[in-house]
Each structure stands twice: as C-alpha cells, then as structure tokens.
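To keep things clear, I will list the structure first and then write my remarks on it.
Going by the order they are written in, the chains are A, B, C, D and E; count residues from 1 in each one.
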Amino acid sequence: QEGPNICFVTFSLQIAYFQSSVEGGQRAADELGVNLTVLDPQADASRQVTLVEDCISRGVDAIVMDPIESNSLFGPIEQAEAAGIPMVTLDTQIDHPNVLALIGVPQFDASREFGQYVAGYIAGAMGGEARIGLMIASSEVQLARRDGFLAALEALPGVEIVAEGDGRNILEVAQAEAENMLTANPDINVIYATGDPQLQGGLAAGLSQNRDIAFFGWDDIPQPFIAPLEEGRLVGFLKQSPDYGGEQAVRLLVDYLNGEDVPSVVSYNPTVVTPFNVDQFR
Amino acid sequence: MTTPLIEMRNISKTFGAVTALSKVSLRLEAGGVLGLIGDNAAGKSTLMKILAGALRADSGEILIDGKPATFAHPIAARDAGIEMIYQDFALVPELTVTQNIFLGREITRRIAGVKVLDRSAMNVRAKEMFAALGLRVPAVTLPVQALSGGQQQAVAIARATGFEARLVIMDEPTANLGAPAIERVRETITRLKKSGVAVIIISHRLEDIFAVGDRFMVMKQGQLVGEREVHDTDNADLVEMIVTGADPRKPLVAV
Amino acid sequence: MFPSRFQNNGACMSDVNSTIRRKAKNPAFDMRMAAVFLVRYGMFIALALWMVAMALSSEHFLTSTNILNVARQAAPIIIIGVGMTFVMATAGIDLSVGSLVALISVLTAAWLVAGLPAYLVIGLVIVVGAMLGALNGFIITLGVPAFVVTLAALTSFRGVGFVYSDGRAVPISDPVFVFIGRGDIFGVNTPLIIATVVAVVGWFVLNRTRFGLYVLATGGREEAARVMGLAITRIKITVYAITGGLAALGGIVISARLSNGSPNAGMMLELDVIAATVLGGTSLFGGRATIAGTVVGALLINFVRNGLNLHGVNPYWVQVVTGIILVMAVLMNTVLNRKAEAWARANPDDEQEVSK
Amino acid sequence: MTTPLIEMRNISKTFGAVTALSKVSLRLEAGGVLGLIGDNAAGKSTLMKILAGALRADSGEILIDGKPATFAHPIAARDAGIEMIYQDFALVPELTVTQNIFLGREITRRIAGVKVLDRSAMNVRAKEMFAALGLRVPAVTLPVQALSGGQQQAVAIARATGFEARLVIMDEPTANLGAPAIERVRETITRLKKSGVAVIIISHRLEDIFAVGDRFMVMKQGQLVGEREVHDTDNADLVEMIVTGADPRKPLVAV
Amino acid sequence: MFPSRFQNNGACMSDVNSTIRRKAKNPAFDMRMAAVFLVRYGMFIALALWMVAMALSSEHFLTSTNILNVARQAAPIIIIGVGMTFVMATAGIDLSVGSLVALISVLTAAWLVAGLPAYLVIGLVIVVGAMLGALNGFIITLGVPAFVVTLAALTSFRGVGFVYSDGRAVPISDPVFVFIGRGDIFGVNTPLIIATVVAVVGWFVLNRTRFGLYVLATGGREEAARVMGLAITRIKITVYAITGGLAALGGIVISARLSNGSPNAGMMLELDVIAATVLGGTSLFGGRATIAGTVVGALLINFVRNGLNLHGVNPYWVQVVTGIILVMAVLMNTVLNRKAEAWARANPDDEQEVSK
C-alpha cells in the first residue's frame, strides 16, 4: 500500500478499445507500484460523473478519465480541484487548470487526416467517384470522427455521402443497420465506420450480401480485421494505441505526484493499417 | 298512475353474440320495493348494471322522474341518487372497509387550504353506519380482502344504504349472509322504503321478497316473463314462471 | 331465437350441438366469424399493410435478399420470444434474456476455442441457459417479484460474461456455427428454420399439451390453479428454464451470425423480445398468450426498422418513427377490435324477429 | 362406531392476529351428509379449505380411514379423493368451461408417442357431466368469465362431482342458483350419498340441509358450538345456536 | 378472547373501539407491532445493514462528502421514482422516463442557449414533460398496454432529442442550473433538497388526499373503482402526466449536475427507477404503493454501487455483485416477512386460554 492511489475512470469496458487502454494503465501501475482502481461507467455520462465523485470520496491521489461527454465533468473536476486531486484526460481535451494533460489523439484532426487518405484512395483506385455510407454511433468522440471525415471529403466533386447508419456501438444493431443500408443503396461502394462495432457490423453485412465495397474505419483492435484486410474487403483502418495512452496517463500522473514537470499534451500518430503493413500488427 | 321514479323502456343489450337483454321495460315508484327474479343468466344483473350506469344499453331509454336520462357512466347514476350493491360486491381488496365505503365521496377537511382526507371522521362515520344497520364487521381499518364473504357483503350493503339515495339496487344481497344478518337486511329495506327510497332486489330467495317487497318481476332468457303483486301470488306460481318462462295468466308476453 | 355458437340462454347441451352444426349455413354467422378473425389477427393485418406499403414504395423491399435478411434478423427474437410468451402467460417477465445471450456467446466461443466439439458445446450451453433460467424461476417462486429477480440477473449474467471473457470478443469459425449463422437449407437460411421449428413446437406445447394449459391457468388465476392441484412452483420454474434454454439457443444463433463470441452480444435484446411478445397480444398480466402473435410481433418490429432504413430515413428519425408505428399498430388493433365487436352485434333486434 | 372416513382433530388456524379456528374437531362416515352452518366469519370456509389442502392448519391432525394424513397441498387432498367447491368457485376466468372442469386431470391421447390434450373427448365428457347433473351452461367452449354467477357455480359443481371422489365439500353451493338448479343440486347430493360418497355442505340455507343432510354442525367464532341429527332438530333450535353460540342442551361445549 | 386490533370475530364496533384503547398496555401486542414493523420496513433494515457493513469496512464511506455525493446521485431516481410509484399504483408502468430525461436535457440546453431565462426554461420543460406524459396516458386509456406505449415512447422521445440536437451535447453554464446541480443550502446539496420536497409532497398526495386514494383504488380493482364513479381515464392520464413532469424535473437536475444538455442523458435510467420502486415494495400489479419504500430503494441501489466502488471492486464484478445484493435484499425482506408473520401468531392457543 506504499504507492499512490490512482482512479482510472474509463469510457466503457464493453468496448475493446477502452479495455486495451485500461490494460496499458494497469501495466504502468504494476511497474510503478501504483494502486490502480478501474471504474466502468458503461458509456453513461451521468454514471461517469458518479464514479469520479466516488473516487474523490475515496481520497485518491490522482484520477485518469476518458470523458464520455466532456461538459459533464466540470462539476467533479472542480470538486477534485478543491480536494487537491490532479487529473488527466484521454482522447478528449478539457480546458481546466486541474486537468494537467490530454493524452491521446485529437479525434477530429486524426479523422480528417484519415479522410484525406480515403480521398486519395478514391482518387487513385476508384477514379475519383464514390458513393459513401457512414456507420456511426452517436457519442461525442464518434461524431467528431464523422465531422473530421466529412471535412476532408467536402472538397471532392465526385464523392457523395448517400446514407448514414447508427450502430449504437452494438454489434448486432450495427450489422442489421448496415444490411438495411446496403439493401437500400445498391450503389454504395465505400463505407466509413467511426468505431469498431460499426466497422465489424458493416463488414459482416457486406459479406452476407456479397457486395464489393471498400471499407475504411476505426479503431484499435486489429484482430477481427486481419482476415478482411487480407481478403481485400477492408482497405484500411486507423489504429490508435489506447494501451499506450493508458500507460502514459498513469506515468504522467506518477511523475506529477513525484513533483516533476509534466507536458500538457501527450500525443502520438495513429497508424493506418493496410494490407501492406498488416504484418506488424498480428 | 303517478310519474314513476324510474322507468326503463325497451332495453336491449348483447355481449358479442350473446343476447343478454331484449326489449325489457321496468317501472318503479318512490318507496316501492321490486323483486327481480329469474333463473340463472336471465339477465337480471345486466339490466341492473345498465340502470346503475356500469354498463351501457345497446338500445332503449331510461327515465328518471319522467325525464330521459342516459347513464353513460356510474358517476351520472350516482349523482341521480342510484346506488347499487353488486353481485360481486365491487370492493377494492387492498383498501380498508372505510375507504371502500367512502370511495368517491370522501370526507375531507382543509389544512392550510389543502383538502386532506379526514380519516378519523370517516372511520367514526363508518362505524356508525354499521351500528345503524346492525351489521357486523371487524375493525373498519382492515383491508376488505381480509374479510369473509359475508363480511364483504355487509360492507357493500353499508356503502349502498349509508348515503342519501333515491333508489337502492341490491343484487343478491343475502346470498352470503347468515340468518341474523338477513334479518338485519330485511329491516334495512323496510326502513329505506319508509323513508321513500325505492329498492330493487335481485334474489333467488323468494322469501326475502315476500317478506319486504311489493312486486315481483320475472325474467327469463333476457326477456320479461311476467309481473305479480306480492299479495297476489305464491311461491309455486312464481317458480312455474321462472322455470317455464311463460306467464300462466297470459297466453303470450307482450311488453 | 337466433341460433349462434355462443348462445348463452341456458339451452342444454344438445341444442348447442345442433347450432354448431348449423353455423356454416348462416351468412350472419360468417360475418361474425370474419369479425372475430379481424380481432384475433389484427396484428397480422398491420404487418400485411406495412409490407404492402413498403413493397409499393421501395423496389428493394420485396427482394429475396431483403426478406431473408429481415427473417434472419428476426430469428433470435422469435426464438427467445417463444420462451417469453410462456413466461408472460404465467404473469411473469424475464428481463435477463439479453444478458444471458451475452454469457452464452462468451461460453460458446471459449469452449470452441478449448477444442470441444461443436455439437457438445451447443448441448452444454443450452443446459447452462436452462439452468440459469431455472435459478431465476426458483428465486421467483420464493416470493421475489420476477421483475426484480430478472433485472438483477440482467446485470449479473452479463457481468459474469465479462469476467469470464475479460471483456474480449473471440471469433468463432467452427463450420457448424458458420452453417447455423449463414448457411441455408434449400435456400432458406438456417436461423429462420430454427426459429420456425421453435415457434411450431412452442405453439404445440402451449395449445395442445397439459403443460401449456397449466401455464395459462397459473397466469390466469394462480390461486385457483393452486387449489386445483397444479404444481405452481414447478410450472413457474419450468417456464423460466425454457426461456433460459431458448435464450441460449438464441445466443448460439446470434454468435453464429456474428461469427463472434462477445460479452456485448444481445445488448437491449430483452426490450425487443418483450415488445414482440406484447405487440403480438400476449398479456403482461398473464392468462392470455399467443405464439403466432409473438412471431408476427417480431417480424413487425424488424420489418418496420428495415422499411424505414430502406427509405434512407435519418437514423435519429428511425427511432422516432419506429415508436410511433408500433403504437399505431396496436392502437389500430384495439380500435378494430371494438369496431369488430360492435359490428358482430349489429342489429340484434332483427335477429330476434327472425327467431320468433 | 366404525372408523370414520374423515376425522379432523383439534384444528387451529390463525391469520395474522385473527384466530379463525381454535381446536375444532369433525368426523364423517362414508355416505354421510354433514351440514356445516354458522354465522358469517365463523370459520366454516377456513376449516374446509384445510381439509381440502388449500390452507394448512397451525395445529391439529387429519385422519383418513383412521390413518393420519396432513395435506400439505391440494394435490394430496385430491389424490385422497377429496373434492371441494370453493365459495369463490376457484375457476380460471380465461379458460373454457371444459378446461376448468378437467384442470389437473386432462384426458390425453398419444400422437406419435406425444401426449396431446384430447380436446374433443373432454368437451363431450363435459357435456355429459352437465347432462347427468341436469345443470345448464352455454357452450362448454366458452371462457368462464363470460358466464353469469350461477353458471359459474354450475361449472364448479360439475367439476367437483364429475370425478370419482370419496368426499365432496360444497361451500355455499346454492348461493347463486335459481330454484330449478337448487333442486338439481339436491338430487346430485342424494345421488352421491347413495353411491357412498361423503358430502359436507356449508350453507346459510338450512332448508337445503334439512332436505338432504344427515347431521348439522354449528360453528361460531372459530369454535364448534354443537351438533344435531337432522331428524332431531328444527330451524329455531339451530338459529338459536348460530346466534347465541351456545348449545341449549349442554351447559358447556367440550370437544 | 384475546383482544387485538385485528380481531375479526364479528364483534361489533364498540368492542373494537375498546380494544384499540387497550392495545398499548398489552406486551404481546407490542411484539406483534414489532413484527409488522419488521415486515413493513424490511428494506430499511436491508439498507441499514448494508450501510453498517460499508461503514465498518471502508473509512471513506461515512464521510459527509461521500454521503452527500450518493444522495446527489440518488436524487433524480427518487424524484422520478415518486412518479413511477403513482404509475405502478394504477398497475401501469412508464418505460419512457429515461428518454424523456434526454429530450428535456436537450430542450433545456437549447432554450438556455437561445437566451430564455432559466426559470422560464424550467417551467416550460416541466410543462412539456407533463404533456408528453399525459400523451402516454391518453393512448394507454385508449386500450393500448402501458408497456407498449411507453416502450414506443422510450424510442421516440430519445429519437426526437437526437433529431433536435443533431446528437450533440450542449454545455449548460447558467448560474441557476449550476446552483441546482452542485449548489447547496446550509450544506445540503440542492438535488437532495429537491428530491426530499418531491418525496414529501408525493407521500402526502398518495396517503392523505383523494387523488392518492383513487390511484390506489384504480390499481387495486379497476372495475370496482369504475362502478364507484371514479374517473379512471382522468386518473390514469394524470399519473402519467405527473411522472412526465417529474421526469422533466429529474432531467433538469441531471442536466444541471452534468452541466450538459445531451440526448444521451438518462440512458437506462428507467431500469434504475423501476428497480428502486419495486425494491421499495410497490407492486407491479397495482393497488399497493409506498413512497418511503421507493426512496429507500433508490438509496439502496446507489449505496450498493457506491460501496462496491469505494472498495475498488473489479468493474465487471460490480455488475455481478450489484445484482446479487439486490436480490438478496428483497429475498431477505420476503423471508423476514414470513418469519415475522409466523412469530406474530406464535402460541395462539395460550391466548385462547387467557381469554376464557
């Protein structure tokens, strides 16, 4: 019990991305002798506030948060400031003096860059003509990804966004939604998915309907996507490194608690995984 | 003949494919006690539920004091002074005896301008009602589901007779009662009659109606079979009408 | 008097017999039959209307791919809905089916990975599902409301699924499961065949066996069923066990369809299943249940979503419109019901004349 | 004295704070018809529910053919040949007349080895049962909730008397019946008696028991007040016992 | 005979009066009162036991910050739970409260952004909530089961919230809302104060006014209530309107606490609210309802989660354990109930002796 107590309030442990982020945090904690408590709000913003409040009640030394809705955390952040508990956020920036740092990838920017990659593919492999279906989930992060992507494709004349489906981060829902979208729009030839249930559901739908579609999408877990990549159905997906983010968050807080100076942003470049570099991720 | 308190004309009613009533008429003066008799499923309860507003007739009309009144809802019938004791009592099992008795006409008092149930006043009044009736129930603060069949019937009787009514309809009021309680109910009917309240009794116990009634109406298969003054008939005559469905005095029923 | 099958005037049995024999000849009676039909099959009509509207307005709707897609989407809901129909017939509810699907999905994948043969895994997880259902039922018969027990199970089962899998989805590639999820027999896809078999067996058990009758009696008036010597406790435990077993089967189908054993499977599935059952006309208060209705309810929900999606309705609006359409369907059914009843007793007076 | 078919010894039962029965004993021979009478809430229904296994006594024992039998559940009582007509009929409203009658002992046939309800056989049998009883209901395929009070009672009677029973308990079997149906019920009781079936009738209508019964048992406030042979008593005697709760022939009740 | 308040032996009223007067002197009677107390307040006891266990095992539990935190977390559940208690008392259910919270949250933020004064916004959204609730109630009185109507509303309301906000959360910084969400009066935080006021008023209305009695009568036996002249339709519409209004109030508190107007607010909140109400002892089948129970239920749910969090239980296990603890609490309550009843009638024979 000698090490510091740190609370790690994640986004939802039902999603692999965040599991991996928590694992990174746990790894750092084990190495540095930190008592890490992981709490799971299950993608519910109000429960996340509750959990942060519970951490403050426990009198922990520092808190890592992965904001579900950034606005909602101002109350607990102030409460934490009053209790002298420093915090960092993952992936979503919150401007508050008590939030020491943002760790992770700015989602809008990353998605815009990925969008430019997609645009390049469309120009090169599809003659600049594409009819795109979007598979999203209505969370702050995924909406930012959608908007970043749209910003990148705005300028292209031959590209049209023809449909948008909400997979609600639930695999079956995403698959049904994608199946219906494909049936309704026989001309869709590109799908961009903003999260892994959406991407998986889309791929399954494309397979069950035997359609030739170029898939692009997010997220971390490579494992279910390796086969589609090899088969050429999935053109590329953006791989973040949530475990790196989680690990850095814990390290940064420990440094801070040890009185060291810490940076206000810890970022990294997400990689676009394609058939060419897939071997690195097996 | 004076204007009757209640007149029902050509009431018909079907349930799905079952014809429960066809063109039944009825009239009753204030202070009159009518016995409605007939075999099972004759339509007695249905006719009375229509009068009490609990069911709506398919056709026919109801007149009160000679003025047409269609009771779309039990509220209207209650406002017109019609009370009914239902065959199944129509009590809310979870509520107490007092709450059931006063349901829909609670005594309230104002506390800081807010209407609040005056529970002790209602309990006291409920006890008085039972005392006046001579009927017995255990504590009036018990939920009625804890009462025996006869006790529940006593509650239903108290509720129908304890408020100012112009007509009290009793559907099998004595079916579950013991001899002493039956005596009390007969006394109650006589008292109501004296104070000018009209009473309709549905009963398979003809002796109850012979004891306190003025007139019999016999029904069978949803139709009126015949009528008799109490002093002008006997048990055998009535049973014959109930069973055969024909009035031996008239060759054919014409209403 | 007009003779009808439902005549209720104290006629003795032989009369009734003769009226039954005569019914077919009477046109008025046929109209009544039609009315009764309308009432009973109101939701069929709603479904049919919707399908016609969609077929007319979207060329993609009546394609075999689309119909089979929807059937495949509806299959798990039908499978589990059959169990839910039994539970609701006893005036119970089971909120835990979605979570049970998740747990089964995790177990299936784990056991396949561990090298157990596919058929053994299928058998095992169905037994696990039935046993967990029976556990629910057992606690319910101790006097805890079904809502509380199965709500707690909703949290717990999925929690166990997460603990067991450490939150990870595991791919399923066993050929048997591939066949269950995406195969077909003579062009009809397997999930649909499984759902059909379950629905037919469920219909048979509910309507033609003692057990089904006892289930309805228990839900209709438990005290009466008890004093008539029915083993209420055993009946209740059994319906929850059945639902657990069917949820496991549904979990197998879902996992096979997604080629994935995931603790996230079946999220919110319970709401769809309950909605399908209630839409179909099974009463939440027990005693009244229909398997055919549940099937129609499940199809209606899925076809409504599908139709809206085919029209490219904004996904936010889909939610709004789905809700409205479902209420409209039930409302239509209810109102139709009343109208049909009124119609069935049109002109009773005339009939009286005839009979005299 | 031969071994009685049924013997209940010192049965006590309380509901919460209400003492419904205290140390009540009862014995009845095969073919005997016992009338159980008493004012409302005397505990008659409770005593009989215990005998039928629907309630469990707090203390006391039940012997059948001299052998102890504690009915933990209605199943056990039914297996021992005890049938009861409940005061509230204990019918399932949604089920049909036939389904209610056969509930718990359906006729089945095997189709491909699977036991299937033989619905037409049960319907036919149900009609025969009503014919044999002389009681009337409309189609046996109607749900009982569509029946009138008296018709529902007829269903309950058919159910209790239509199977081979050794003891039939009737709680107010005639309360909702018309005169012709009451006659049928009396005939049924006589027929049961002749074939050696014991019958217990709870009724406020003493005349029913005088007509077909052998013995009266009078209860008040959960206790046995006294017993009488039918040929050895009259109406006034019994009413006095019901009302006062004391047996004029004995100074104190000792059971 | 032993005199007791519940004696049921046909004694006339004056007897009963005298026994009431005598009750306090009788020790056996006091034991019975204690038993009745146990039964009625079983969930209080469960809550108390849990709190003692937590207080002993975690030093952070009994701190004022923690208690106030939990109270604030429970506040919206209590607020909406009061409405749900009324709905369930009529044998209804309202699954749409969570979605209504989301819609209200969106509207609140949008109208504040549009420059409407905070108090006007509060008034407006409560009216909107009540009207939407009344709409639910109205459709229910047309004969559509409450489960179907409010399930459809569950989808629709949130859908409208998404459409209106385009899925985006909008920050709320109005000082009135900051005060509602995180302010305090004499150290008691505002959500708790609002919840307390709502609970007290709710208790009063349910137990001391005509309306409350009518609600219970409607749920107890609707047909009896109807023939006694109660306006069933109006009563039902009113309880749903109340719940809608209280869901709006809950939505205000939640939005204020999160400083955020979001269409994702109140996700699955309906399950927590219904669980709190049922845990408290209100019957899903109507006629029996308790506001105090609902408050205890809401506190129990939140304190259980809080206690597990304070102990740093693995988040997957939290789900499992929460479910188990809730079932155990209700089971304990049920069993206690039976034991208490058995105890209350211990040795009835002795009492008979005494009375002779």
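In this section, a residue touches a chain if its C-beta (ideal position, glycine included) is under 8 Å from a C-beta of that chain, and two chains touch if they have at least 3 such contacts.
Everything numeric in this text was worked out from a predicted model, so none of it was measured.
Colleague: Both chain A and chain C are touched by which chains?
Modeller: E
Colleague: Computing the C-alpha centre of each chain, which chain sits at the greatest distance from chain E?
Modeller: Comparing chain centres, D lies farthest from chain E.
Colleague: Using only Cα atoms to place each chain's centre, name the chain farthest from chain B.
Modeller: The chain farthest from chain B, judged by C-alpha centres, is A.
Colleague: Distance from the CA centroid of chain B to that of chain C, rounded to the nearest Å?
Modeller: Spacing between the chain centres: roughly 45 Å.
Colleague: Could you state the distance in Å from the CA-based centre of chain A to that of chain B?
Modeller: The answer is 73 Å.
Colleague: Return the distance between the CA-based centres of chain B and chain D, expressed in whole Å.
Modeller: 29
Colleague: Roughly how many whole angstrom separate the Cα centroids of chain B and chain E?
Modeller: Inter-chain centre distance comes to 41 Å.
Colleague: Would you mind listing the residues of chain B that make contact with two or more other chains?
Modeller: 15-16, 18, 39-41, 136, 138, 146-147, 151
Colleague: Multi-chain contacts only, two chains or more: what residues does chain E have there?
Modeller: 5-10, 162, 167, 314, 316, 318
Colleague: Could you tell me which residues belong to chain A and also touch two or more other chains?
Modeller: Expected reply: 13, 138.
Colleague: So in the complex, which bits of chain E are touching chain B?
Modeller: Its residues touching chain B are 5-14, 16-17, 20, 208-210, 213, 216-217, 220-221, 223-231, 287-288.
Colleague: Within the complex, which stretch of chain D touches chain C?
Modeller: Listed in rising order, the residues are 49, 52-54, 73-75, 77-78, 84, 86, 89-95, 99, 103-104, 106, 108, 114-117, 127, 130-131, 136, 138-140, 142, 146-147.
Colleague: State the interface residues of chain A toward chain E in the complex, per the touch definition above.
Modeller: Going through chain A, the ones touching chain E are 13, 35, 37-40, 43-46, 49-51, 53-59, 68-69, 71-72, 74-75, 78-79, 138-140, 143.
Colleague: Which residues of chain A touch chain C once you look at their complex with the stated criterion?
Modeller: 13-16, 19, 138, 162-166, 170-173, 175-177, 179-181, 183-186, 197, 200, 204, 208-209, 223-224
Colleague: Touching chain A in the complex: which residues of chain E?
Modeller: For this pair, the touching residues of chain E are 60, 63, 65-66, 69, 72-73, 162, 167-172, 181-182, 254, 257-260, 262-268, 305-306, 309-310, 312, 314-316, 318.
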